[in-house]
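The structure that follows is given in the form of C-alpha cells.
Chain IDs A, B, C and D follow the sequence of writing; residue 1 opens each chain.
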Amino acid sequence: MIELAPHNKQGLAVGAPLIAGSGAVGFGDAWPPGVTPAHFGAIVTTPISRTPVRGAPQPRLVELPGGFLLTTGVHNPGYRRVLREHAPNWTKLGVPVLVALAGSTPEDWPDLAARLEDQEGVAGIELSIGETADLTDVRATLRAARRATTLPLLVKLPVTWAEPLAEECAAAEADALVIGIPPTAAYPAADGALVHGAVAGPIALPFTLRALRAVVALGLGLPVVAAGGICCVEDARLCLETGATAIQVRSLLWTNPAAVARLAGGLEC
Amino acid sequence: MIELAPHNKQGLAVGAPLIAGSGAVGFGDAWPPGVTPAHFGAIVTTPISRTPVRGAPQPRLVELPGGFLLTTGVHNPGYRRVLREHAPNWTKLGVPVLVALAGSTPEDWPDLAARLEDQEGVAGIELSIGETADLTDVRATLRAARRATTLPLLVKLPVTWAEPLAEECAAAEADALVIGIPPTAAYPAADGALVHGAVAGPIALPFTLRALRAVVALGLGLPVVAAGGICCVEDARLCLETGATAIQVRSLLWTNPAAVARLAGGLEC
Amino acid sequence: MLQATAELIERKAQGASQELRLHAPELARHLSPGQAVLVRAGWDLHPYLRRTFYPIAIAAETWTLRVPPSADWGHAWLRAAPPGTRLDCLGPVGHGYAAPAGVRHLLCVGEGELAWALLPAVVQADAAGLVVTLAAEGRSVRDLIPVKRLPVAVEYRVATLNGRAGHCGDLTPILAELFGWADVAFAAGSLDFYARLATAITTARFGLSAGFAQVLYTAAPLLCGTGACGACAAEIAGGRHRICRRGPVLDLADMVDQTLRVSR
Amino acid sequence: MLQATAELIERKAQGASQELRLHAPELARHLSPGQAVLVRAGWDLHPYLRRTFYPIAIAAETWTLRVPPSADWGHAWLRAAPPGTRLDCLGPVGHGYAAPAGVRHLLCVGEGELAWALLPAVVQADAAGLVVTLAAEGRSVRDLIPVKRLPVAVEYRVATLNGRAGHCGDLTPILAELFGWADVAFAAGSLDFYARLATAITTARFGLSAGFAQVLYTAAPLLCGTGACGACAAEIAGGRHRICRRGPVLDLADMVDQTLRVSR
C-alpha cells in the first residue's frame, strides 16, 4: 500500500500508484472498454460545484500538435445530484474515490468539504488552483477548506507557479500535492472560434516534469502526485524517479484504453 | 512601412511584418540557405550580456511531441566582442537590427542600453523578462533601462503572466511588446539528463495565441509583436488577426529555411 | 463500446475520397446505422486524437469508412495506408438508427458528404422490407451517392446546385411532398440543413412531433465516447447534453428550440 | 549549406538497418566525407526536428544514408519510406575530412555503427592512391562493415568482443602498431573510444600533435547547422564551441584536455 496522506488521521492508502485523474471516468460511471477500477489505486471524480453548471458552449475541443485543448467550463450537475446519483455506487467500486471540487468557485470549497465529510464512499477531496489565482486568496481559501474537513485534502497546482503554491499548501496542512494543471493556451477550432484551456496529452508531460522536479526539491514532506501527459510506463517511471509518489492519467483513458492496462501492469512490482 | 515604436521620437519603421526573432540568425552572421535580410522587416540578435557567458553544458536540446526544448544558457561572447565583430556588418544588412539583452542579468540592462545608444547599426533593444521574475524587480529594472536609452525598447514577456507585465511595460514607457516567451518545461535527453527551457516549435503557438489575445484586449496602445511557434502563413495571419502588429519567427529558420521565403511572400500585400 | 483492431482489406478511390473496407467481426456485429467509430490514424501517439467516422457500409464481418479529401493529417495517413494496415478502433459510440416496428415508408434525407452515413440505414430498411426513399442534395453530381450504390428497390431523389442531376437548387421544393409521404425520416447533414427540414416538416405535417424525424448529430466532436470528457456536449432537449450518450442519432423534435432555433 | 530535395532511388536492408540511396546531384557534389546532412523525416511538421546522418557513400549524383534499427519515430518513417519518396535535406553541415596533401598512409579507425561514416573517406583516399587501413571494432561480426564493401586495396583490421572475427576484445592491443604505421588518422566513435585512441597515440608516437588525428564529433545534436541555435556547443580547444562551425570533423588534439580529460 502507498500512503497518500501520511499526516492525516484517516489516511489515504492506495493499492497501486496509478490513479484515474479528475474526470477520467466521470463520476465513476464512464468506463472505457477494458478499463476497470482494479487498474487503479484510486479515482478522482469530475470536479463538482455547489450548484449545477451548464459549462462552456461548443467548440470545446481542438487538437494541437502533440495533444489537445479541451474546455468544459466545469460542466457538472451540482453536488446534490452527484451525491444522490453516483455516491451509492462509489462504495461498490472497490477503490477509494476522491471528489474533485471545481477550481472556479473556491469560495464554495469549505461548504462542500463539510458536506462531504460524512458522505459514505468519499475517501478524500481534490482541490485545484487556477493559473491566475491570487496568492493571498489561495492562502485563505486553503485554510478555510482545511478547517472544514478532516478528509485527506489533495491540492492540484498549476505547473506555471507550482513552487510558491506548494509552500502555501504545506503551510495550510494539505495532505498531498498534485502536479499539476498544464499551462493555459488558446487555439482556433474548425469554425475559427478560439478554444481556451490547459493543454493536455503528451504535450503536457514536459511541463509536469519541470514542476514536479521543482516541487520535490522543496522537500516539503508531502506526497506529490504527478499528472499531465503520462501515456506509457516510461513516462510513469520518469515521474516516479523524479520523486512522485503516485501518478494520475486522464486523457489516456479516452484516447487509448488498452494502454491503461499496459500501464497498470507495467507499474506492478 | 509598419511603425513598431510609434511613441518613440526615433521610431522603428519596418518594411515588412516578418521579424527574425532573437538569435534566429545569430548576430546577423548565421543565414540559412535561401534566407536573406530582404525577407525580414527587422532582425533581433542572440541575447548578449556584459561579460562573455559560456552557457549551458550538453545536453542542450531535446525533442518533444510538436516541438523541442533548447537551452543555451545565454551563451554569448559578451557585448564588447559582439559590437567589435558584428556591429560593422549590421549597417550593411539593409534591415534594422535590434539587439537583445540577456534576461538573466537585468541589472546590466541600463549599462548595456546606454552603451548601445550611439552605436551605429543598432535600431533598437529587446529585453526579456523571465517566467520567475519578481514583479517589483521588473518594475525597477524596466524604468532604469528606459532612463538609460532613447532607443526603441521592445520587451518580450513570458506568456504565463504576460498581462500584468504588459501593464508594467506600458507604465515604464516601453515602445512595444513581444508575446512571448513560451512556458518552461523539462524533458530528459538521450542520456537521461533533464533539459530545462521554454518550449519551442509548433507546440508554442497556442500559448502565444492565448497571451496575445489577452494582452491585445488590455488596449495599452503599444504595438504587440507575436512570437513563438509561427510556422506558416496561416499561423502568421492568425496572429495578425488577433491583433499583432508584426510577428517573429525563429526555429522555423533552423528547421525549414524554405518555409521562411514562403511565409515572407505570403505576408506581402 | 469496444476497442478493436480492424484490418484494412480493401481500398477504393471514390472521386477524391477513399473508401476503406475493414475486417473487424466483433465490431461489425455491434454496429448499427448512424453509430460512430473512433479510429486512430498515424503511428504511436501522432496524432493524439482519433478521427471520427460514421460507417457507410456494415456487413457481417466488415465495415467501411469513407475518408474525405481533407487536408487533415490523420485523413491523409488513412488515405495512404496500404491494405494489411491494422487500425485501432473504438466504437460503436452512442445510439444508432433503426426504423420503429410497424413502420412502412422510410424517408432518408442527406446533405452532401454526410448523406453517405445514411447508406447503412437505407440498406437495412430495404432488407427489412420497408419502402425507402433516399433524397440527397449536393453542389454537383460528384457530391452525390452514385445510384448503383443503392438497393434497386430504393427510390432516389436528388437535387444539385448546378442542376446537372435532379432538381436545380436544393431539396426544399420537394421536401413537403416527401415528408407528406413518409411514416418516419432519418437525416444526415448540417444544422442549417436540419433547420430547413424542421420547417418543411412543420409545414407538411402541421407540426413536428417526437418520433417522426431522427437526425445524425455530427456537429460536436467525440473524444472519449463514454461520457467522461465532456467534449461533445451540445444544446438539446432543454440542456447541454453529451452527444455520445444521447446521440449521435437524435430526435429532431429535441433540437428545434435550442439547437436550431426554429419554431414548430 | 543547401536545402535540397533528394529522391529515394534505392533501399537495401543491411542487417537490421536500412541503406537509402538518394538522388540529389547538387548536394552530392558539395558533400565531403564526415560532413552531416539533416533530413526531414515524416510529413509536414511531424516530427519537427530533422534527423542527422553522416553519409556512408558519396557518388557523383547520389549519396547514401544508413538508418539504424532504432525506435525513433523519424527513423521508423525513413525505414518505411518507399522508393520515389522525396526527402527534404539540409546540408552539408560543417567541415569534412580530406587527408592532407603529401600524406601516404591513412589509418581510419571506427567503433560500431559509427564506423560506417568512415567509408566515404576510405573510398576517397584509396581512389587518390593512398595506402589505407581501416580498423574497426564491434560487439559481433554483425556490427562490422562487410569486407566486400571496401575497395580491394584497403587493409581491414577488426576486433569483436566475442572473437568471432579478428582480435577478441577491442582494438586496443593493435592500436600502437597501427598508429606507429600511419601518417595521419581519421576516426569515428564515441568519446570513450576517442579517449582510448588519444592514449594509444600518445604511447605509440610519444605525444599527440595537432594535425595527426581527426575525429568525427557526433556527441552533440545539430539543429540549425549554421551557428545560430547553439544546440551543438561542446567543450573543445579551450572553450564551448559550436560543432556545426568547427566540426563535425575535429582535431583530436583539440579535444583531449577538455572533452576527453586525458593527458597527452
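By our rule, a contact is a pair of C-beta atoms (placed from the backbone, for glycine too) under 8 Å apart; a residue touches a chain by one contact, two chains touch by 3 or more.
On a predicted model such as this, the values are computed, not experimentally measured, just so you know.
Common neighbours of chain B and chain C (chains touching each): A, D. Taking the mean of C-alpha positions as each chain's centre, the chain lying farthest from the centre of chain B is C.
Chain A and chain D, compared by their mean Cα positions, are separated by 49 Å.
The distance from the centre of chain A to the centre of chain C, with each centre set as the mean of the Cα atoms, comes to 36 Å. For this pair, chain C with chain D, the centres built from the Cα atoms lie 56 Å apart.
Looking at chain D, one finds that residues 45-48 touch two or more other chains. Multi-chain contact residues of chain A (touching two or more other chains) are listed as 65-67, 201-202. Per the touch definition, chain C reaches chain D in the complex via residues 43-44, 46-47, 73, 76-77.
Within the complex formed with chain B, the residues of chain A that make contact are 64-67, 69, 131, 159-161, 183-188, 194, 196, 199, 201-203, 205-207, 209-210, 213, 238.
Interface residues of chain A facing chain C in the complex, by the touch rule stated above, are 23-26, 29-34, 46, 54-55, 57-61, 63, 66-68, 70, 72, 75, 201-202, 231, 251, 253-258. Residue ranges of chain C in contact with chain A, taken from their complex: 1-3, 40, 45-50, 88, 90, 219-221, 223-235, 239-240.
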